[in-house]
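Below is one structure; the comments refer to it alone.
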Amino acid sequence: MYEIIFYFFAAVTIGSAGVVVFSRNIVYSAFALFFTFFGVAGIYVLLNADFLAVTQLLIYVGGILVLILFGVMLTTNTVSVDIKAKSLNTLPAVSVVAALAGLLAGMIWTTDWFMSKNMSEITAQTTSKEIGSALITTHLLPFEVASVVLLVAIVGAAMMARRESVKTQISNSK
Amino acid sequence: MLETILSNLNNILPEVVVTVTLCLVLILHLIDRKNAQNLMLLAVAGLFTALYVLTTQIGLNNSTFSGMLSVDPFATYFKIVIILSTIVVAVMSRFSDEINDEKKTSGEYYFLILSMALGMMFMVGASNLLMMYLTLEMSSLTSYVASGFTRKAKDSTEASLKYLLYGAFSSGIMLYGISLIYGLTGTLDIVGVNHVLMQGSSSQLALIVASIMILVGFGYKISAVPFHFWTPDVYEGAPTTITAFLSVASKAAGFAMMMRAFKVMFIDSSVTSLPPGAWTLISGVHIQNALMILAVLTMTLGNLVALWQDNVKRLLAYSSIAQAGYMLLGLVVLSSDGFAAVMIYFVVYLFMNLGAFYVVMLIANKTKSENIDDYKGLGKRTPLLSVALAVFLVSLTGLPPTAGFIGKWMIFLSLINAKMIGIAVIGVLNSVVSLYYYVRIIRNMFLRDGQPNEEPIKFPLAQNILLMSLLIPTLYFGLFFNELIQFAQFSVQMFGLK
Amino acid sequence: MELKILNIGILTWLTFLPVLGMIIVLLLPKEQKSAIRWTSLGITLLQVVFASILFTKFDRTLAGVNNADTMQFKEVFNWINVHSTGWFGSIKIDYFLGIDGISMPMVFLTALISCVAVISSWSIEKSLKGYFALLLLLDTGMMGVFVALDFFLFYIFWEIMLLPMYFLIGVWGGPRREYAAIKFFLYTLLGSVLLLLAMLALYFSVTIIDPASGEKIHTFNMLAMMNPANYDAGSILSGIHTTWRYLAYVAIFIGFAIKVPIFPFHTWLPDAHVEAPTAISVILAGVLLKMGTYGLLRIGFPIFPDAAMHYLYPLAFLGFINIIYGAFCALAQKDFKKLIAYSSVSHMGIVILGIAAMNTQGMLGGMLQMFNHGTITAMLFLIVGVIYDRAHTRGVDEFGGLMNKMPKYSGIMIVAFFAAIGLPGLSGFISEAFSFLGAFQTFRWLTIASAFGIVLTAGYMLWTLQRVFLGTLPERWNDLTDINTREMIMLIPLGIIVLVLGLYPNLMLDVMNTSANTLVDFVRANAGVAVGN
Amino acid sequence: MIPELKIALAILLLPLASFVLLIFFGKRFMDKAGHIGAAFLGLDLILALFTFGSRMGTEGKWDFTFTWIDFHTMVNNVPLKIDIGMMVDNLTAVMLVVVTLISFLVHLFSLAYMKGDIRYSRYYANLGIFTFSMLGIVLTNNYLLMYVFWELVGLSSYLLIGHWYEKKSASDASKKAFIVNRVGDLGFFIGIMIVWMQFSTLTFDGIFGAIGTGVIPFDSNTWLTAAGLLIFCGAVGKSAQFPLHVWLPDAMEGPTPVSALIHAATMVAAGVYLVARTFPMLTADALMVIAYTGAITAFIAASIAIVQNDIKKILAYSTVSQLGYMVMGLGVGAYSAGVMHLVTHAAFKAGLFLASGSVIHAMHNALHHQHDHHTDAQDVRNMGGLKSKMPFTFWTMLIFTLAISGVPLTSGFLSKDEILAGTLAFSHFTGHSIIPIIGFLVAGLTAFYMFRMLILTFMGEHQDKQRYDHVHESPFVMTVPLMVLAALSFFFFFSLNPISASHGWFFEKMTYPTVVVPAAAAATPTEEFVEEVHHQHTMAMVLSVGVSGLGILLAFVTYFWKKISADAFEKTLKPLHTFLYNKWYFDELYDATAVAAMMGIAKVLSWFDGAIVDGIVNGAGWLAKLVSNISSKFDSYVVDGAVNFIAYFAGLLGLSLRKVQTGKVQTYMILAIIGLMVLMAMYM
Amino acid sequence: MTITLTHFLIVSAILFSFGIYAVISRRNAIMVLMGIELILNSANINFLAFSRFGGMNIEGQMAAVFVIILAAAEAAVALAIVLNIYKRFHTVNVDEISFLKD
């Protein structure tokens, strides 16, 4: 059962990621990304990370994906049919990525990872509580820093995106 | 629990001060949207307070927040560098026409500067890979926005996009590398990683892949070849003040983090036969050779390409790549000498590089140009500024009696001490090459005549005071570097190491 | 021997007087042209006075060279003192000045040439203030090089000269000044970075006991570097005839060779000389070139006696090439200044040949030739400058018959030219003769071959003399005027020195003799001594 | 220092004082400068005569040596120092008189000859420094000072030859003289180096003393020979010996009294003096070379002199020839004869030059009177029949010509005779009979060309009647020196026996120096040689009078009685005549070889310096730029998709540095990943 | 066949490769951003997998939490910048925005 679920989610994740990457239509890509995030969330569940799975769905699907869709809509002339996004550097990209993937595969097969000795003892259990307590004890500082990061991101994004009365610009150096 | 948190807070008091200041800046901006002067003064006041608090922390050597952050002399030293450069950049921004044109968002501007500084201050102390990633991202995110600050200019916008894409890409790879380290050791704490690695691992390949992937993130931050490509474009496009800030503070933070990460994670403390200050890597970690290659490539490429530049900012961008190459030499040595040399270099670099950018900015204010050809005849029009720029450039070349010489001297001193003479030769030859393009600017200023009947350029006193406060240390440290070396050598201590 | 004025040592005065002058000049308003000139002149004259005092008070019997006790007018202050932090150990750098027979003549020469250069710069109008400020800074750098006994200090002074020189050539020079200036700058920097590396390697190889704290520290003290006992066993430069020692010597040699300049490294010189204003050519030829050979004597030979002895023949061979090659190149020149520049290459070759002999006569000859070439070439460049000021051309073939038109000028010119030819009775002869006599003892055939240089020298000098001064005066030069008092004032003292040293070389030889003997003995004695074992 | 040496020092310094006075204050004295110079020299002459007198009465020599430079160090357990000093022996004393006398007479003669010259005082100043340097050579007791004064003589001759430097030919000649002399001096200097290296002393006594004890340079007789010959090189230059004789005829561009002083009597004789001084250390081989050098010089110069038309050129070549004679004499071992010929020749050759100066002076005045600026005042073909117009000049000239031709009762006969006897003795000992053959041949030639000159100048018809009318005898100050010198050209000043000098005071005082080179001394024992010279004397006398008479007769037949047509002779032997007239093409040969080679090398090296050495440096800079800019050829657009995979990677690698910065952020990323992969690959 | 760590790592590696590919080959800036999200997700899978198989080590999960937070922040900033670009250049094709270059 566990295997079937894993393969299912793995297939969803990789398949949709393939669509994201190779689709020529950016809107398709954006929608395919939803399935990727979903698949990843499923894998999280398989990895005993229930809290993370939910967070993944909430933040990625509810937040980031929406942002990306906004981006797609705002930057694409939807009236015209031409919302295709071409790729470039195909050949070098393929070769580089192939080499990288090969390297990673080789590494994964050969490496002796840090593994718990008694895998059987690990049972499915919720980690929300642990995460919660870690956030205010051991990971308090990252937590606070993350809050500042979010503040900065909000202020920065707002400042960047705020529409100005557009004048014709003259670049100052070129 | 609360006591622990409070005592921890005491350790990050400078960061807290900066955080409070950035909030105050935001609030002040909401109250009074027009007055950039007050914002600047507030920011600078906050930074000086933080600096004062920092000075009380000198000598502190402990770890806080469950090992997330180290507050040790090493971090304090770099924090001082960062705060000093933030102060200079903040003051400098007041004199920048580019920034002053964006009056309405000056609150955000100082907020960004301060939050960049904050991120960097955390970077230098971070002693957990997660914390490192987090703070790196924090300073990067603000940098992306800051380099696109002058939204009217196309260049600035383009710079921010390139910076964003390249930065996110690099930090993504770094994150993957961090995850592999986690997989190998089961921990993200760098001291913990070190302990696990010390026990010996048969997984050479994963270790190499992980460490080099992490190197990508650091390399991008310090603009080391071949991860430097964003640097010239961003430096050219971003507002000059931000460029200056990125070239000094951001690089300092990146170096500090990298030095800490590599030294703490990969040091083999079981080897005791070495002379004091020297250390050795855990077998199977080949970071030294990688750094050596990076260093040589970085300085060579930076210098060779800088020969071709006509835009002074871009030229300085390549020059700062080359400077990063020299600093990397200090890491290659694998000894405290090298680290101390890098640290000394940063103080020196702070003054000379900020000085150079400051002069370039002032000149661009008046002439609206950063092209090297428009520097012709400046020696006559504004002698003080031209002489100052000449001194900064000479210092960047590394000629006595400027501070730049001391920086390079210490680097080569540590290299020779480690008998890495081949590398040292490449280094000095590079500095000869660098002379050529630095002198091009000097030549245009003094040896060439500008357009006829150009008016002399005058600068207000305040701007000259800032200039002097950069110029005088550049000369002073060239002759009296006693305390500087002493302080740097004292500050090489890192928490978690004997 | 100590000499203090206002409780500050005389060598410090000598070295930093020009800096004082520079500050005064910078503070003076731009319009006060004559005040700036007179300040510079006053400062350099004072320097000459101090140097003369030094010259008279100098104890001729003390050798110096490798012995701190016999160094004279010593000044030692601790400059940099980083306490031991366990890694480098303590870093201690001393402000260590002192002179011996090797540096004394050079100190005097520097003061003299600087003063002459100021006088010959009197007619400079363009950015006068900057010019004199830079000239004075240059003066400090030159003087510092000759009095510093700490390698680090030496290096600082060595490099301080570069920038003023760059500007002085680049701003006030001839049409191709930029090219010449950057070429000079790059070349010299290339040499000095190699010097830097060798210096650092030496630093880590030498350990002394710090008299203050009793701990073992590395040092930049040149004299300590000369003592074989101070080398750490197993350090980079320990041992004898090791690759590292050879490499370090070669690095140092290239650093100095570029300055001399020795054959393959000389191409900056003609350009720099031709483009530089007269006063700067005078300084270049008069003082800067000597730094190279001085460096070899002060650093190259005594610190690396084994390598120096090993490379003695190549050194002499380069000297031979310099002599012949420089003379041939001079023969082909049509530009008066370039001709003199190449003659410098040739004459410095004699210095190289002399010191490569590594015996008393050669060494003394070489050292004396350093001084003599300084004065003679300074005269030659001033002579070119005088004519250039009037005619605004330096083409040798464009002149003729000046002897009648400018009799005083021609009289002085004859002294300078024949001194350069090596006519007995003028200073050039003694030093050339000693150099050859000394070199002949060590390198028989090479010296015979080199001696052909004296025929070539006579050839190009007399040919030039004929083309410029003899024959008939072209009509366009009918309104040339003879030299004025100011020009006389700068040329006559040099002429007198040339004459006096020609008749009574002991005046200078006495000063150098003890040190030269000691240096030769030291190098010969230590060539076979392994260091650090 | 003994008082006599103090006087000698005064003799040395008086001309210097004259020089200093005239060079700095010459302008003030106006036309009195000459009188001042002459006065100084007059005093000098008196002192020299006094020294000569007291010297001749004593034995040994007066010597004074002091340490000039002490190196305060030891070499081979000998303190290293340079000793210099002065000495007066018989040779010196004679030379002192010769130099001061001729110089004084030239000063006197010039009072009229140089009157009105634009650089009158400079001329006298230069005469002063010349005399000073010449006396220095004579008075010194070591090679260093010898070399010093040697060079100073070169300088003063440079100044004097180039006195009329506005003339290109004059400045060329002065330059040529100095440089050719330098070539010789180079050898001299190298010789000194060898000597110094071996003996660490440069005094004659020190060196000869050391050689006498068997010490020789580098333990090699070859090196000793070489040292001697190298020092002899100095003499080759100064005394215009083959192959460096080319400068002397050109040097006639100087004023004629200068020629008399420098190029007849003193400076050129310095070389002979040098050989005489060095004589003790010359090996048999060295002497052989010297003898041949002298013989060849004597012959070449005599052969050229026959066909010259310029009166001064004829005298110049005759001087070269006679110098060759002296050198040959010394070379064959006839030491006293060589030195004696030096002295006698000084008197009559100076006389010849002064007389020719008198003629030229007169011709100049005549031509000037006619406003004729084209006719050469020195060409014998333009003269003729001056005998009656210039009786004093003619009669003195006749005496000089007889003397140089070696006619009995003259001084020239005595010295020449002894040299020829020496050559016969030499050939007897060594079998080199070519030397005496040349000796006699040259004696004949000399008589011929000298009388040719005399006849063409003074006898026969004048070429131009009008000009002839304007020729007048020279003034008193010019003829008096001629008469003094004429008197000195008779035998009784040197030996009371008119046919042999070997028992005269000169030979007694100027004894053969002790040869210190053991090998040379053994090869030709002095006593045997002197004996043999006596033996050959009659033979030499008969032969020499014979060939001289033949020469004179031939001259009269050809040019006075015109029984033989010189022109016809010239035409039949055209190639030979051209060859001789062009001085054996020596100048052309040197121009084509040595000078051209020098200039060629100079040009090539200068080009090399500019193009190659500099070019390499610039090329390195260019290469550095190229390395960073090679790119454009591998522009990233060229390699788009379809291109071969490997070529693409090669292109990417070759994409050099700068053009990589395309502005496309994704290219940057690819490069970063490639960098990453390369770094990883290095450890796998 | 049990699902081991390797399976998860392979999924993650594939995702990572896809991400890299998207980043370096897609012209549209938003596509590049999507690629970056893929990279971050792959790293997160790694963290969680190592956490799970390393004995439920909470550190991995904490890391993932923060990565998600940062991803959100980054996306916000990135979109703002992309919009800004679109305003200036009227395109979001990365290769067309290359005015700053050598």
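Chains: A, B, C, D and E, in written order; residue numbering restarts at 1 for each.
As a working rule, a residue touches a chain if its C-beta (ideal position, glycine included) is under 8 Å from a C-beta of that chain, and two chains touch if they have at least 3 such contacts.
On a predicted model such as this, the values are computed, not experimentally measured, just so you know.
Between subunit A and subunit C, the least number of touching-chain steps is 2.
Common neighbours of subunit D and subunit E (chains touching each): A, B.
Averaging C-alpha coordinates per chain and comparing to subunit D, the farthest chain turns out to be A.
In terms of Cα centroid distance from the overall Cα mean, chain C ranks first.
Here the largest set of C-beta contact pairs joins the chains A-E. Centroid distances built from C-alpha atoms place A farthest away from subunit C.
Annotation: 100 Å between the Cα-based centres of subunit A and subunit D. Taking the mean of the C-alpha atoms as each chain's centre, subunit B and subunit E sit 27 Å apart.
Taking each chain's centre as the average of its CA atoms, subunit A and subunit B sit 30 Å apart. Inter-chain spacing, taken between the CA centroids of subunit C and subunit D, is 38 Å.
In subunit A, the positions touching at least two other chains are 88-90, 92-93, 96, 100, 103-104, 113-114, 138-139, 142, 146, 149, 152-153, 156-157, 159-160, 169, 171, 174. Annotation for subunit E: residues 9, 16, 19-20, 23-25, 29, 32-33, 44, 49-50, 54-55, 62, 66, 70, 73-74, 77, 80-82, 84, 88, 94-95, 98-102 touch two or more other chains. Touching two or more other chains at once is no residue of subunit C. Taken together, the chains touch in the following pairs: A-B, A-D, A-E, B-C, B-D, B-E, C-D, D-E. Taken in their complex, subunit B has these residues touching subunit A: 1, 5, 8, 12, 19, 26, 64-66, 68-69, 98, 105, 108, 111-112, 115, 118, 122, 130-131, 134-135, 137-138, 141-142, 144-145, 148, 151-155, 160, 180, 183-186, 196, 201-203, 205-206, 209, 236, 311, 313, 368-371. Partner subunit D is touched in their complex by these residues of subunit A: 88-93, 95-96, 99-100, 103.
Remark: subunit B residues 130, 133-134, 137, 141, 144-145, 148, 151, 154-155, 157-162, 164-165, 168-169, 172-173, 175-176, 178-180, 182-183, 186-188, 232-234, 236-237, 305, 308-309, 314 touch subunit E in the complex. Every residue of subunit A that touches subunit B in the complex is listed here, in rising order: 103-104, 106-107, 110-114, 137-142, 145-146, 148-149, 152-153, 155-157, 159-160, 164, 167, 169, 171-174. Partner subunit A is touched in their complex by these residues of subunit D: 641, 645, 648, 652, 666-667, 670, 673-674, 677, 680.
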